[in-house]
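Paired with chain B in one complex and with chain C in the other, chain A is shared by the two complexes that follow.
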Partner chain A sequence: MSILAIDQPGRSVLMMGNEAIARGALEAGVDFSTAYPGTPSSEIIESLARVAEHFGFYAEWSTNEMVALEAAAAASLSGLRAIVAMKQNGVNVCSDFLLTVNLTGTKGGLVFVVGDDPSAISSSNEQDSRNFARFADLPLLEPATFQEAKDMTRWAFELSERVGLPCMIRSVTRLSHSRGNVKLAEIPQRSRSARFEGSYIAGVFVPIKHAELHQKLEQAREEFEGSEFNWYVGREGARFVIVTSGSGWLYSREAVAALGLDGEVGILKIGTTWPLPESFIVDHLRQATELLIVEEVDPFLEQNIKILLAEQAKTLGPIEVYGARSGHLPAFGDINQDKVARALADIRGLEYRARDEQYAQRASELALTLPPRMPTFCPGCPHRASLWAIKAALKLDGRDGFVAGDIGCYSLGVGPAGFWQLKTLHCMGAGIGLANGFGKLGQFAFDQPVVAVCGDSTFFHAAIPGLINARFNNSNVLMVVLDNGGTAMTGFQPHPGSGTDALGRPAPVVEIEEICKAIGVEVRVRDPFEVDRAIEDLYDMLQDGGVKVMVFRRKCFLIESREKAKPKVFVDPEKCIGDECGCARFCSRVFNCPGIIWDQDAEKAKIDEVVCTGCGVCATLCPQGAIVVEEG
Partner chain B sequence: MALEKDPLNLIITGVGGQGNVLASHIVASAGIREGLYVTVGETYGASQRGGAVMSHVRFSFQAQCSPLIPEGQADIVVGLEPVEALRIITDFGNPKTKVIVSPRPVYPVWVLSGQAKYPPVEEVLGKLGELVDEVQVVETAEEGEVPMAANVLMMGALAGSGLVPIPIGSFEEAMREILSPRDLETNLRAFRKGVEAIRTG
Partner chain C sequence: MKAGKGSLELEKEVLNEGLCTSCGACVEICPYIKVVKDRVAVIEPCGLAEGKCYDFCPRTPTDIAALDRRIFGQERPDSSLGSYISIEMAQARDNKIRSRAQYGGVVSALMTYAMDLGEIGAAVLTRPFDGGLMPTSVVAEESSQVLGCATSNYIASATLAGMNKVIKQRRDAIGVVGLPCQILALRKMQVSEHENGAMGVKLVIGLFCTWALSYKEFYRFLRGRLDLSLIKRLDIPPPPANILVVDTETGTMEFPLEDMRGFIKPTCGICFDMTSEFADISVGMVEGMDDWNTLMIRTPEAERLIEKARQDGIIETRPLDEARLTHLREASLQKKRRAIDDLVKRTGDERNLLYLLLSEEERRKFL
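After this line comes the complex of A and B, so read on.
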């Protein structure tokens, strides 16, 4: 049974931040849930989908974040409670709708969860999505603990209904993907039915609606003044106060303790960060003369606090503010206890040393001697073969062609895993979009062939308009769709081409090649593991201009290997002649599959049985035919 | 109840795909059964496959901890891979840290492609010994045998070592709740093998 469905109110369980958010929705009696998967947000709808049938609510993987938000809003406008989740880049995708649904308002509770990724651990940027709350005039909550992630989500539905606006929740990777204690509450029986009444039109009386939006936001601020998610710890009337939100709370508490400053430094923890609970903050800063603002990524809280301090200058007097602007904490990357402790020590004139200096010195010297370990494609991954085929075809072509990259597992093609093939990488759909432009530069003496890669899920999400544009404007583009059957990077969620829905039930299949044909472009479908044929076809397609699509279709091996027995792959030591071959250790050194190692003693290639998944593509590439595949 | 040191900081480290997340999930769930606050900070996402991964597991009877262990503050390190154990020690180790490590290397891509060298395992274990209080080496497979469920086996070793204040029974109860019935028996076997391995040294 899913941990989400445990019906034991009062029990403390271990939950991932994302599971806690999902449980909060469940405890609010959510009716409708949507998302496009994206790290670090994917597990919210993934865990809801697992229990949707049991509790009788709706869950879907949407084609992109725009549709996800719009579909959830439709449920809200019909009086239901809805939640939509996405990663930070997704907010950009749905922002057009976000900045109009704020004007029309909503009806049933609509909770909009964004998982930000400070340090871009699994992203192409680290934008701070809190700016969208201020931009769109929407109430914003930032959970600091696992318990709060659940409790805030439940409360956000009520707030959304009272103010008639979507309520935004900003989580971060270190909360969404960490686990901790969560005390469960009851899951209510749902009883709502959907009905649409009235009208929600953004395009008329806009300035009036905009003014009304500001009033609604003021109503949210009044609610925030007494919120249980804001608190102060430490000595009353402290002169030095840390003001923090989200992940900053636990780091701040631990940093203060590590420096033994519990008696002097107060911590003002704000959970409702837009609009700020102004009176609550002012009340706790009456004696303060110095503040340190602790938050992840942008100085969002810092700027808003500074505006408040300027407005309250007569009441509060001069207050020195430290944080990102003063250079004590970074306005980029993630933070941790060490960074907060160093900032605090620096300001207070204290010494903070994590370890004995000599020990730390020796440790960092040793660290430099260790071989780096970069992420790579899994053994058996079709992308390794696909990118090898692209590399070989471009080399054969010889006109200095290059690849415009996109977002997915195959983004690893920017590095050694994919033979350094991807030369651009931005956002979902940008590969084909950029390729459109490169492909129209012929009149400026541009003669390099351009290949755009994109995954199957990315194709549906954002690449179709780019492909249509290429056809419409007659660009010269070869688009390669790396179709591995699902949204692999985020945990293999289904998409319109997968044939199943979020609950694992059969769904109609939208065929990528049929869409390409309807657009009117030449399309071929190949198995990238038939490497020679794949190279020949790509080369062939590069030779005359126009828009072409190659679909490299082979299932993600992580999924494939769950469905069928693993063949045994081994190197025939009679046939592998080691360095005498002249292949330059192609299988282990060039093709880079972690399943193939070099046996130092025998001076021959060797298959690592634990790592090898039995895909057998190496057998087709070995010039001596020394790799043997025996079906399991 | 009280811990000798609160919070108690454990890092489980290895290579993406070795099952770090399941290992930390088991020990953390077992901890919650004992009434502890437990926080687990994980590595997910693009760094998952073949990259270096670590799980920070923090136990406290007082409060929920932050998900990241500060520099030099690891009390226990469980290494599913020797170089990764040493890498973690260079950031989070101190002279009192205790290490349980599998000596079986997983070679990084840069080693396979000849751009970097993998140091001899003996040397890695030697450097570990130089930096920490105690290193216990646990073989995850007999000679000639293919290692399976090394992640769970190493959790058995951790449970058997007595370094965390959690009874072996709680680990097994946690596994019964987390694992599917299909995988339970194999994993319980691996777990018990780990308990045995550390006790017999």
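After this line comes the complex of A and C, so read on.
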């Protein structure tokens, strides 16, 4: 059983931030949970789905964040407690609904969790989703610790019900994906039943509803004034105060300790960052003359504090504010204790040295001794063969065609893993959307063929309208769906084509090719490991123009290899003739699967048995037929 | 012969210049060069300074006189037709073969015969209309498969890619039927210092060829006009008809030959060889005689095989009349002159014939 289900109130358990959020939902007696997977948010619904059957609530992977939010809102409108989770880009996807459901309001507690990814460690953009809370006039909570991640989530349901609005929780990668101790509380018995009553209509009396929304937000602010998630530590009446939220809290504490400033500097930690608990903040800044604002990504807190200071100028007098705007902390990337300490030392005129002077030099010397490792596809990954086939077909076509990329593991095709094939990369569905436009440039002497790639999950998420548009407007697009059977990049969550639901139960399969046929476009389904055939088919499809879809179907080999015995793959040293071959080490150098290495001593290719997944595609590419696949 | 150049130069000098004949000699010898339909491309630079691909290509510099000496042991005695022992008219005795074949069925009859005799274990051939307009390279392992490859294609396919696949696996003797550019590449492989399996090719039958059509252009032309999957046979009857005849399951269509001119592969314009001068046996049509082939025997091994075939009643031969021979010679010379003109036009230099290395003296013989 999952640690989420431990029924021992008071016990401390080591939990991932996302698990703590999920546990908070459980302790709030959540009824309905939805998400589209996205790093760093995926484990929230993943954890909940594991215990959904046990506790008798509902969990689903939705086709996209818009549907996820709408489905969760439906549960809320029917009086249930619902949670929806997504990464930052997901907020953009569902923002249209978000900016209308704020007007209609909600009924049962609706908690909207967004996992922001500062530094875009696993994202195509970096954004501060807190801006959406201000944009949509919704209450916003920012957990700073694992305990808070749980407790805030639980409390957010109550707040949402009291103010009749979705309540937003903003986590960040460093919280969502690290672990800490969390003290458990009780998981209540659930006894809610769903019933829809009344009406929730955004489009009428909009200005009145907007005014009501502001009143609701004011109600939330009043609750925030006394919130247990806001506190002050350090010297009472300090003249120098760090104001911080989220991950900044722990970094600030460490930085203050590292510089020995405990006795001088106060830290005002805000957990309810929109709307700001104004009186609470003003009360703690009466003696302050200097502030350092510590937060991740945008100067969101900083700007709102500055507005507050301006409004309270008569009360508080002039206060110098340091942060992103002053250049002491970045307004991009993630932060850490070191960055905060440097900012603090700089402002205070202190010496701060995290490492000895030669550290940087020694580190860079050491780095030179490491073998270069470019990001690459897993061994056995079908995308490697698919992108090779696309490259070959475009080269054979000879019209300088290119690939419009999309979001998924295959986004690595921007680099050497995918032979540098992806020339555009934006957001989910942008590949086919852009390709639509490129494909309509014929009247401007544009003759380059355009290939749009997208994954199977991306197809369902965002690519279908683009494909329909291409058909409707008679564009020239070859769409290649890289169908590996699941939402691979975020941990192989199921999607409408997978045949299972979030709980692992059988689900109806929505066939990609049937959708394409219904749209009225030519579709072929091929195995990318039949590389030559794949190349020829792609080439043929590029010749006639119009809208065409190639589905390259082969299961993600990480999953496949768990399900069946791994064939033994090895290089026949008699047949591999090394550098005599003329292949110029194609397998280990160009195709570059991590499972194939160049044996320096033997001067031949060699399969790394530990890494190799036994997919065998290399055997079909070796010009000498020197790679042998023995079924296990 | 070793050129000291690789795929980079192949791409620059041949592929990018539109000179590729799509013979397939550079395909299936490394993972970097691929062919689809009649398009050949270097998918990724292999990084090697020197490659078989460049060495084998029929459009990289080729010393014609040196190749004559290597293959036939002599300078060419006939400047227009190359080395040959005899030129005759021939036809297959088997009516079944003749009815399936384009003209006299000699190629099908000889390949079938050589396989039945055990002279060759397999034959690399080209099958037309294999579910579409594009011919495909096939390996016949049994003589009964040969007839499926009868009739003319008019689209050059990468026959040697199929051959390269086969010679990696087989150690027995094989036969190849190809166009002049393919035969030239095959001979370049056989005399190359780069290791390859082409020495296993023991019977080389070359076809007469004036030009081939580019698949893409021809496909686009025909696509809207007929159902390509129904094509049975293409034919260009001898002048003055000036038409292309397409036989389909549902009837016959004719197109003016003029319409096809634009689809001829540009590389055919610089081709020097109409009669497959480096083959063991060259076979073509006979003007005005639909049921017969022109048969050129170029090597003693070929002569022995043909003599035996004649004795065994496989083929029947007749002398080729002087008028037709003169005409053949004239047509061949005409092609050479056109090729030289075209090459000079391309290079802008009287002495630079790109791939064709000819001495002044040799060149004068053609002009």
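Keep this in mind: the second predicted complex is superposed on the first by the 628 of 632 C-alpha atoms of A that agree within 3 Å, B and C clash if a C-alpha of one lies under 4 Å from a C-alpha of the other, contacts with A are read in each partner's own complex, and residues count from 1 in each chain.
Convention: a contact is a pair of C-beta atoms (placed from the backbone, for glycine too) under 8 Å apart; a residue touches a chain by one contact, two chains touch by 3 or more.
Everything numeric here is computed off the predicted structure, so don't read it as measured data.
Novice: On the A-aligned overlay, A:F132 touches which partner chain: chain B = first, chain C = second, or both, or neither?
Specialist: Neither: A:F132 stays clear of chain B and chain C.
Novice: Under the stated touch criterion, which partner chain does A:D338 make contact with: chain B (first), chain C (second), both, or neither?
Specialist: Once the two structures are laid over each other on A, A:D338 reaches chain B alone.
Novice: Tell me which of chain B and chain C touches more residues of chain A.
Specialist: The partner with more contacted residues on chain A is B.
Novice: Pick one for A:F586: touches chain B only (first), chain C only (second), both, or neither.
Specialist: So A:F586 only meets chain C here.
Novice: Please work out whether A:Y58 is in contact with chain B alone, chain C alone, both, or neither, and reply first, second, both or neither.
Specialist: neither
Novice: Tell me which partner A:F552 touches in the superposition: chain B (first), chain C (second), both or neither.
Specialist: Touch partners of A:F552: none, neither chain B nor chain C.
Novice: State whether A:F280 touches chain B only (first), chain C only (second), both chains, or neither.
Specialist: In the superposition, A:F280 contacts neither chain B nor chain C.
Novice: Can you list the residues of chain A that touch chain B in one structure and chain C in the other?
Specialist: 590
Novice: Taking the complex as given, what residues does chain A use to touch chain B?
Specialist: Per the stated touch rule, the residues are 12-14, 39-40, 121-122, 145-147, 173-175, 177-181, 247, 250-251, 253-254, 258, 336-338, 341, 354-356, 359-360, 362-364, 366-367, 369-378, 409, 411-412, 416-417, 489, 585, 588-590, 592-594, 596-598, 608-611.
Novice: Please give the residue numbers of chain A that touch chain C in the complex, ascending.
Specialist: Touch residues, chain A against chain C: 388, 391-393, 395-398, 419, 532, 535-536, 539-540, 543, 580-584, 586, 590-591, 621-625.
Novice: Looking at the complex, which residues from chain C come into contact with chain A?
Specialist: For this pair, the touching residues of chain C are 28-32, 34-37, 39-44, 46-48, 51-52, 168-169, 194-195, 216, 219.
Novice: Quick check: in the complex, which residue numbers of chain B touch chain A?
Specialist: Per the touch definition, chain B meets chain A at residues 15-17, 24-25, 28-29, 32, 37-52, 63-68, 70-73, 83-84, 86-87, 89-91, 93-95, 106-119, 127, 131, 146-147.
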